[in-house]
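Here the chain labels run A, B and C in written order, and each chain numbers its own residues starting at 1.
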């Protein structure tokens, strides 16, 4: 069986800094893969290379067997790959509901239909469903900028699911989120994975969150994969402990 | 504001504007109607507002900078003047002006938008100077610095528009249609995509919004509004030469939109009003007018970057709260 | 061939002046994200400051040149930094762009209204005597311009690369945030950039005015050439601005001789279009990538 996401030999340098050096891994349909590693180990850069935000110096990325290396992010998104960014990226001037509609609208109908058709581009029902699912319903008409940080983080994640993507890459979804909301977020992500079979790749520093959510981990240090396997195993790996404590 | 209220207010404004040059004493209202010159100024305001709406689409909605609107107005004006003098009907000239400037917009924007945010500004700057050189140097077709005179006002469905009030109504009708079209676009999902690509193009791109395509479309469309404004400008003034299409006026288009309130729907109308009326008011100080205007813009940017409409809506919102 | 050489030398002379204007523009853009749409007027105004000193106050020629440079640094450097850019940069890019556009109009109109709308002759330090070497004749004035501009550029390069302050300025230009963390006094470096830009613009002004006369509307062309030189050379490099300026100066002079004078102005514009089509990062530029 071919993997949903196939990353081969990705390399990326910035001037003299080699941020990612020769990273390869596969992600199977339906799994939740965690990516961990110390600050500056190249996790976000790896994401950006996979998603066409940066052009890798070398290597290939395949989705469903199709070569998508350096494809523009909007094209990739329309092929069914969504993401969030490490820093919060909602549109503060739009309401929560508008944010969700925006996240879905390019995936429904033609561009011309969007010009002449309904204002919600046929995404209203889907947006409502997502608002309910992430328990943001009572905030739907608030400007996203006026929500609390945790609520914005939740909205940011919810936006990634509006396009009906089969593969979602989340960069530190739990960063800065408080404990109760953290449990909420994890439980919601698990529910989506269980109910719809969406595949996740999650970068996260919060070990507890990662250990509970992910079925498999890869560990990056200085741009290379130093360990790979089930959470419990990785946790005991001396190389991993060294990478985290050695700095 | 709900859709029906905005439509209603728009319609009301339209009726009031249509009545502006009419002597209402016959109908028992003590209003003498605008004179010939007043009607001319009002028509000029409408034409300027059309071009400014285009700039607003590019600057206020797509977050790009264009310094070529006067050049696009010039292209539309020269094209219309030249072909209508050759006997082509005005309607065809008008459509051709819009189409040509749209295509040029694509051709300019496509390479520039690949590079970096401010490149469109530089490319349009260069384009304006280039156009101006062509207008001035290609005497055989543009009349050079002597310009083209005696441009005829068109006939609409057999109804001659020589009369200044009739021409005003004609321009008003076209402005109303073009305003409606733009209003429709910015409230459709496209408008939401514009907001997204202006505020955070990176995130917009990751949500499947083809930032380059949308930006290109807004630039081409905004430029086409310039071209169509130019097509109306030529028969309005009846004489064109290169000077109103130089770099200076292109910069003024950008300034008027920002003064009015970029990214607000009414901003271009307010900005165009100021740009057309201020020189009339400050006529006694003719030479000082641009100086005052420039200072006004800088003060405005430092204290109210939202422009006049932005400022007013903030005041209204505050009043509503208290 | 000798014709060509003559044109080449006079092209390099004007090109060196353009380079001065373009370097300042690039430096300003790098260190403070300020795209100065009034750059052309910055090159137009100092000549008038010198003229004012000479004609209104009777200051001797050389002293007025010095005064003009100092006054430019105050007006176009310090005042520009603190009155216009300072308050506006926080408001975002568009308000600042608009303000510099308004500033360009303000400067142009001020010169026109307060000084004169006519082109003014401007004295030159060196006479127009022709010297002929191996059949190639160039004027002393041209050689002087070339020498002054090149010395300025070399001094600037030495300052940026060879002194501590210069390196701190470069660090600020590359990444203000990191520079601040490393203890570079970023604010001061930004002010220096504005001062250097004003001084370079003043130099360019005083060198170009004897050749093309001083006129309130000169800024339009000069500004455009400065932008084009900066972009053609590579937006993120001082070296690029120098190369771009020299290239345009030479092309400009060749075009004046071999192409119609009516479209001489179009040459840099066409160059700009070609570069954007085929080498968008500029001749010497590097591709920039945004952090996410």
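What we mean here is this: a residue touches a chain if its C-beta (ideal position, glycine included) is under 8 Å from a C-beta of that chain, and two chains touch if they have at least 3 such contacts.
Only a predicted model underlies this, so the values are computations on that prediction, with no experimental measurement involved.
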Of all other chains, the one whose Cα centre sits farthest from chain A: C
Innermost chain, where centres are averages of C-alpha coordinates: B
Rounded Å distance, chain A centre to chain B centre (Cα mean): 43
Between chain B and chain C, centroid-to-centroid distance (C-alpha), Å: 33
Inter-chain centre distance, chain A versus chain C - centres from mean C-alpha coordinates, in Å: 46
For chain C, residues that touch 2 or more chains besides their own: 292
Residues within chain A bordering two or more other chains: 53, 85
Shared-contact residues (touching 2 or more other chains) in chain B: 202
Chain A partner contacts - residues on chain B that touch it in the complex: 185, 187-190, 192-193, 195-196, 199-200, 202-203, 205-211
Contacting residues of chain B [partner chain C, same complex]: 59, 63, 65, 111-112, 114-119, 121-123, 125-127, 129-130, 133, 137, 202, 247-248, 251, 254-255, 258, 262, 287-288, 290-291, 293-295, 297-298, 301-302, 305
Chain B contact footprint on chain A (complex, rising order): 51, 53, 72-75, 77-78, 82-83, 85, 89, 91-94, 98, 101-103, 105-107, 114-117, 119-121, 159, 163
Interfacial residue positions of chain C with respect to chain B in the complex: 35, 84, 87-88, 91-99, 101-106, 109-110, 112-113, 220, 224, 227-228, 231, 235, 262-263, 265-266, 268-269, 272-273, 276-277, 280-281, 288, 290, 292
